[in-house]
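What follows is a pair of complexes built around subunit A, which joins subunit B in one and subunit C in the other.
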Partner chain A sequence: MTRDTSKMSSPVLKISDLTVSYRADERWLDAVRDFSLTIRAGETYGLVGESGSGKSTLVLAIMRYLARNASVRQGSIALNGLDLLALRTDEMRRVWRDQLRLVPQNSLSALNPSLRIGPQVAETLAPSLDAREKQSRVIELLRMVRLADPARVANSYPHQLSGGMTQRVLIALALSGEPSLLLLDEPTTNLDVTTEAAILDLLKDLMRERNTAALYVSHSLGVVAQICNRVAVLYAGELVEDASVAALFASPLHPYTQGLLDSVPRIGQHKRAAPLCSIAGQIPPLDALPTGCVFAPRCAFATDFTHEVRPALESLDDARRVRCHRWRELKPNVPSSVVPRQSSVVNDETPVTALVLNVSNLQKSFDVDRSLLDVLRGRQTRKLRAVDGVTFEIQRGETLGIVGESGSGKTTLARCIVGLTERDDGQLTLLDIPLAPRVEQRTREVLRHLQMVFQNPDEALNPYLSVGEILRRPLQTLASCTRAEADARVPQLLASVRLDPAYAARTPPQLSGGEKQRVAIARAFASHPDLLLFDEATSGLDVSVQASILNLLNELQAQSQSAALFISHDLAVVGFLSDVIAVMYLGRVMELGRTSDIFNPPHHPYTEALLASVPTIDVQQPRERIRLAGDLPSPVDVPTGCPFHTRCPRFLGDVCVNVEPPWRVDANGHAIYCHIPLDELRRAQKEKTREVFETSRVSQ
Partner chain B sequence: MIRYLLRRLAFLALTLLLTSLIIFVVTQWLPGDVARVILGREASETSLQQLREQLGLNQPLPVQYLNWLGNFVTGNWGKSYSTELPIRPLVLERMNNSLMLALVTVVIAVPLAITFGVVAGLNEHSWLDNAINVAALSVVGLPEFVTGLILIEVFAFQWHVLPSSSSIETGANLLDALPSLILPALTTALVLLAYVARHTRAGVIEELKQAYVRTAVLKGLLWRTVVTRHVLRNALLPAITVTAISLGWLLSGLVVVENVFNYPGLGRLLIFAIDRRDLPLLQAIALLAALSFALSNLAADVLYALLNPRIRLD
Partner chain C sequence: MKRSRWTAADTAVSRLPSAVRTLRILFAGPASAFGTTVVVVFLLLAVFGSFVTPYGDTQQISSEAREPPSAKHLFGTDRLGRDVFSRVIVGARDILSLAGVGSLVAVALGTLIGLFSAYRGGWLDEILFRFFDSILALPSLLIALLLLGTVGPSRESVLLVIVIVYVPIVARVVRSVVLATKPKAFIESARTRGESLAYILFREILPSVLPTLAVEAALRFSYAIFLVASLGFLGVGVQPPSPDWGLMVKENRDYGALTPWALYFPVAAISLVVIGVNLMADGIKRVLSDER
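== the complex of A and B ==
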């Protein structure tokens, strides 16, 4: 499948022994050390690393766009044989224009907010073109990145476009000069999975057509597996492993790579089968790097020798390098623990004991301001329907996962349940107590039973309070502990989230992201709640940290037997933690069922598309390719009939447009909101999977 | 946009109504009996009583207020107590003079301020930036009567190129008045310049940090193009807003400068009115000042929205 280009073409980018450093407090901190890499024409090279690995520094060094306090202290970067570090500014400008382009992440801020798209694309074109030629070239470029209405896009301001659209514009910008090397810096990181899948398809096709060399920087192994031929793994500023995608994912050699691969939950992997493997500890700070192997402090296979002596980057053959003292002896012992899809969900049945939360027909809409035009047309104030008739239950000890893309209403739903947003209609009962719409109207007893962990602990934890005070507060106000009891409980709580008791004296800014989220979790568990809400609680964390937090949640929940509502855009993470999953689209639940049922046909066509879009690290696994057309419709104008009909790959016709679909429920209680009968869905979806398997067998 | 403007104008009317009430109440509290001020210490009680009746001073305060406001709105601003002349032509004439002074000030200050601010912002923390900052701060720190007197000394007494007094004739047009306008305008411009330059500098520094600047540079554009096409478009927004807001102050707040240069603007008329306890005149000027402040604020907001496509006014 992967093209072996290493022997055929000349190097486009050649980095040798590169060391990039930041000046801080009168000394140099080496953010990237002894880095060497060669990218050839037609090759897409993945660069994977967690935050703090130095990947952004590396990208900026290649682009020659380092911050003022950073500098390349050693090594060389050559683009098509041209020594980039020796170029004058005006020569570098020519390289930027003709040969080297960057596709940045966070696409909206990378475009000038007060210029229309057209001129922003046009200014990258040769100045010799006249206005009309430029205009038609701009349209051509925008069409090339598959923007549906290029003329309209060219005439829009960036804020009028969706995230997927601005990302396409940036790709068009980068390709306008026919560059020989493209640097892609996390270009899909903030996008929804269905949008991400479409962008990755586009990039793959464009790169194949043009034979462009590319460096694709990402924290996500799944994305890299989708789009790259080769991968370099970066840890704490050092290249630890370099291999072809097939080789790396089939047999990772470096313990860090192995840990990273095992930390990512696969679709279908479930907490009741086995906990996730995680990597202990955290990345070392630049001013306190270990003397020996940089990974030794977190490595399960470290010895005194690896702690003291820095390993060299060994070449196994032409195509494979690893920086580890012990890779030869470890190789046979550590099989890659790839969990096959859909096989591990063996025992996700929880003994049903008691109902904790009952949500019945929950409704919430927000008013949208009318414009003058609306007033003149006599239009009424429009409603944005964020949550539209959601019903479900959660039992004691059970986790209900909610998956949906941005705009699906999952956060509004959580806020209505905790009472931060006042619901319009519907009933909520917690342990038979009806819940008031607003948190201020609820009793202390209810607050004690219902706690929430937010996505961003930086915003959720008061930076001026010590961790001890943060934990004491719910103990004293909600769990009615005395001061002495609370003081005694704080170290226990810290221990339960694997933090040293000494952390009680620190303040949140002194903690790492993962540690802050542990404190937030400890705070939520402090009052022994019966129901916990997690809103994207692990989304901001690196995968190795996420894995340990997921294991921790699982453990704490098993001990306390509390119920949980876990919200995430990440289907695999939700699948790992949840017993029951609800899939939301435009404020409605489209599918609800036990986790094993959700991951096996029949699927709702939307769930089917989500599953097909998730980037997976199982490179050998052939997959069906389903891409949704267009963007998510505005929640102000929810489509009639089935809300998914505008994008549904299994669209039937008028019935989908005009009639609300029925709930189709099987014997297991697995419910799908669709016009297509369950049997038909199951047959179609099973056939499709078989088809893919068969074609892949033929091609081998 | 139209809806927004209508709403803002309604708020503006409300603000002015409130201001008029405050002006009226405050001027009523001013010490001194108007009738006695007009007729002098020797006046008999009967003639005082007569005058009070004539001026409506013996009516209850709410009635006086409504009468005054109604007259003001219909354009009947009454007669000045002290000069016995109709107030409206007098105040409008002075307003016109103030407008001329403000115009010349803005024309001098804004281009210089933007140049200095952009140069300082593009060279943050360089010696150039530091020099501009120190100069700006020291100019702001000096009171106008000091800078004004220095300018008079140099330009009028040493070099004899400009008049020391700016007492222009009634009805003079901008061109005739220009020589007299330059020194007071320069004095005011120094203050405005420092203010606008610092906002421009901050705007430029803020915008240079944005990701779109990196995109523009990495397109291979000339630095000059990046600055003019990308950075300034966004960085000048605060400077424009600040200038628009300053217009209110320029139109009615230049009491010191007008006195130093003996310039017949609204500010000096205000001092005159206070001096003579000329209530109707004082009220008219105060209300006009409030109006110009409110309008310049509105202008600042509308201008900001027009220049910034991200803001939709409705």
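== the complex of A and C ==
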């Protein structure tokens, strides 16, 4: 499956013993230490690590983009034999033009908002070309990155294009000079999964055609597994493991790599089977690096020796490298056997059915571009239909997962339920009490039963209040505790989310992202609500932290028997926590069913595409390849008939365009909003999977 | 629940850095150290000035009129034989108390209005701030002249003018911070807990406003000094024979060639205090950014 290029081709990039440091308070902090790596022509090298691991510093050092307070204190970076660190700026400029290009993460800020795309791409072409040659070359480049209408794109401003399109433009920009090395800095991180999958396909094909070497930086193991030949794992500035993709994902040697792989929830993995494995603790700050192995403080296999002596990077016979004292002893412990299969927190008894939340025909639309003048004239403006007739219920102890891409209306739905956004229409009842549209109109009793955990932990906690006060408030306002009672319960709340009672005196800026989210969770659980809403509660966190938060949620929910609504764009995360899943697209639910039903055919064609797009770390598993055409339609002009018909791979014809699909419900209550009957969907989707299995077997 | 559920004052104090640390940072840079010293000295003069002045501020010694600075009269005397040094020092009391009280009231009122209106939003906020915008569109001196022309010059009317001119400015500054804070999840979380309006405004939002507000208050103070002096100079502010700095400049403007000291010492005092307050404001900004 992977091309073995390491033996034949010459090195394009050779980094030797690189140490990059930042100057802070009169001393050097080494952000990257003793880093060596060789990338050969045609090779796509993944560089994986959590935030704070030094990935970005490394990219900046290779590009010679380091800030003034940073410096390469040791080692060398050679590109095609050329020592980059010794070059003058004008020589470096030539290297940037001819050999070395960067695809940055944030595509909107990387493009100049006041210039059209065409001139921006033309700017990177050789100055010797005349205007017409440039023009045609620009179109050619834009076509190469599979932009549907290159001439229109060239004539557009960046804000007129979608995130996926601007990312394609950046790839075109990077490839305009036929570089021998491409640095890709998290190019798909801000994109939706279906868009991401299409971009990864594109990159893969382009690399293969051109035999370009690439360094692909990502925090996502799944993405790296999709696109790379080899992977280097970075932790706290050190290379801890380096191997081919197949070898690394099949048998990771370093405990950190093992931990990372185990932290990622797989599609279909469920909380009732086993909790996720997580890595305790957090990445050490640069000014307090451990003296021995950098990973020792978080390592389950650490001994006194590993705490004291720094391990060397050992080269193994099959071009693998690992920095661990004990990898030989740990080797037999392949990741899956580490997973405790029995000790599950949740027992599989069917919960007593008691309705907690009933949502019926919920509607919310927003006015677009409504000016004061329009209001005065009473003119009807265009409506953005964020949530369009959503109906579902949640039982006690049950978790309903809502999955959907950006623009699907999932966040608006949550906000309407909690009352932060006023709904236009539809009924909501919580424990048979009708819910008023606005949170201010609801009684204390209702508020007590319905709490929310917000997406961004940095904004969820008031930076000026102590953790103690943050946790005390819900007890005082909702649980009718006196100040003294509330103060007495704060340590218990902190303990329930595994934080030391001393945290009560701290303020949020002194906490890490994971710790902040723990406090936010403790606050939401403080009033013993019957229903909790989680809006992308783990999206901003690193995978190892995410795993521990997911386990924590699972545990707290099992104890309190509260119901939950868990919203995420990540299908695997939703699948892990949820009993029932709703898939949303353009403000509508497309599919609703028990989690196991959602992951097995028949799927709604949209769900099918989502499942096929999720980057998975199971490199061996063959996958069907379904890619959605184009971008999400604007929610202002929702397509007629079935809203998904414009991109549907199983598009039938006029009936999809003109007629709203029926709800097709099977005996389990698994409901699909589609014109295709369930049996037909099931048959087609099973065949597809078999087809993929067979073709992949042939290719091996 | 029976106890007072929130106290704005204790938020403000607990979040602001301790006095010792504040002073240390204020005195760390030469500019803010200078500014702070100037402000402190003038404040002391304003309070205790009448104990150190060698002469009364309105005492006329006709035999010693128009004398240049000397050991006897440090800043010389004016054409009526009044000691300029004594008048400048006693003048500090008038100008600093008027500007201080005026800007304090303006800041307090502006903060209340800004907090409430921006949080509530809607048409009330819209109308109120369109009105404030129209006040801000006029030069503050023009508004002051209009108002004083209506109510007549006196200390109280100068105070009123400062408040009316500066409330919209402070309210607008506060509003911008509130608008940035309001959509944050911690405010939404407070709403889902059913917190009272007062708790949300003073406990959740006010702390975010304080850093900006502290700097704004210092700036308002320095502009208020300027305004009081300008009004005195134009003859519509503090009335003679009070030793107001602006008034002293006005009275001695025509005799600049004859008794330049009587003109330039009050001018120097105005500049010094305004520069001092501004430098201190920069220092405060640094203290608060250091804190974050």
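Note that the second predicted complex is superposed on the first by the 670 of 700 C-alpha atoms of A that agree within 3 Å, B and C clash if a C-alpha of one lies under 4 Å from a C-alpha of the other, contacts with A are read in each partner's own complex, and residues count from 1 in each chain.
We adopt the following convention: a contact is a pair of C-beta atoms (placed from the backbone, for glycine too) under 8 Å apart; a residue touches a chain by one contact, two chains touch by 3 or more.
Being a predicted model, the structure only gives us computed values, none of them experimental.
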| item | value |
| --- | --- |
| Clash-or-fit label for the pair subunit B, subunit C on subunit A | fit |
| For subunit A as apex, the angle formed with subunit B and subunit C - C-alpha centres, to the nearest 10 degrees | 30 |
| Touching partner for A:A667 - first (subunit B), second (subunit C), both, neither | neither |
| Which of subunit B and subunit C A:S109 touches, first, second, both or neither | first |
| First (subunit B), second (subunit C), both or neither touched by A:L447 | second |
| Touching partner for A:N456 - first (subunit B), second (subunit C), both, neither | second |
| Touching partner for A:P509 - first (subunit B), second (subunit C), both, neither | second |
| Contacts of A:T477 with subunit B and subunit C, given as first, second, both or neither | second |
| Subunit B versus subunit C - smallest C-alpha distance in the overlay, whole Å | 6 |
| Those residues of subunit A which subunit B touches in one complex and subunit C touches in the other | none |
| Touching residues (chain side subunit C, partner subunit A) in the complex | 1-3, 5, 11, 15, 184-186, 188-195, 203-204, 207-208, 292 |
| Contact footprint of subunit B on subunit A as seen in their complex | 63, 65, 93-98, 101-102, 104, 106, 109-115, 123-124, 157, 159, 170, 173, 177, 369-372, 375 |
| For the subunit B and subunit A complex, residues of the former touching the latter | 1-3, 210-212, 214-222, 225, 229-230, 233-234, 307-310, 312, 314 |
| Subunit C partner contacts - residues on subunit A that touch it in the complex | 418-420, 439-440, 442, 444, 447, 450-452, 454-456, 459-465, 473-474, 476-478, 480, 482-483, 509, 520, 523, 527 |
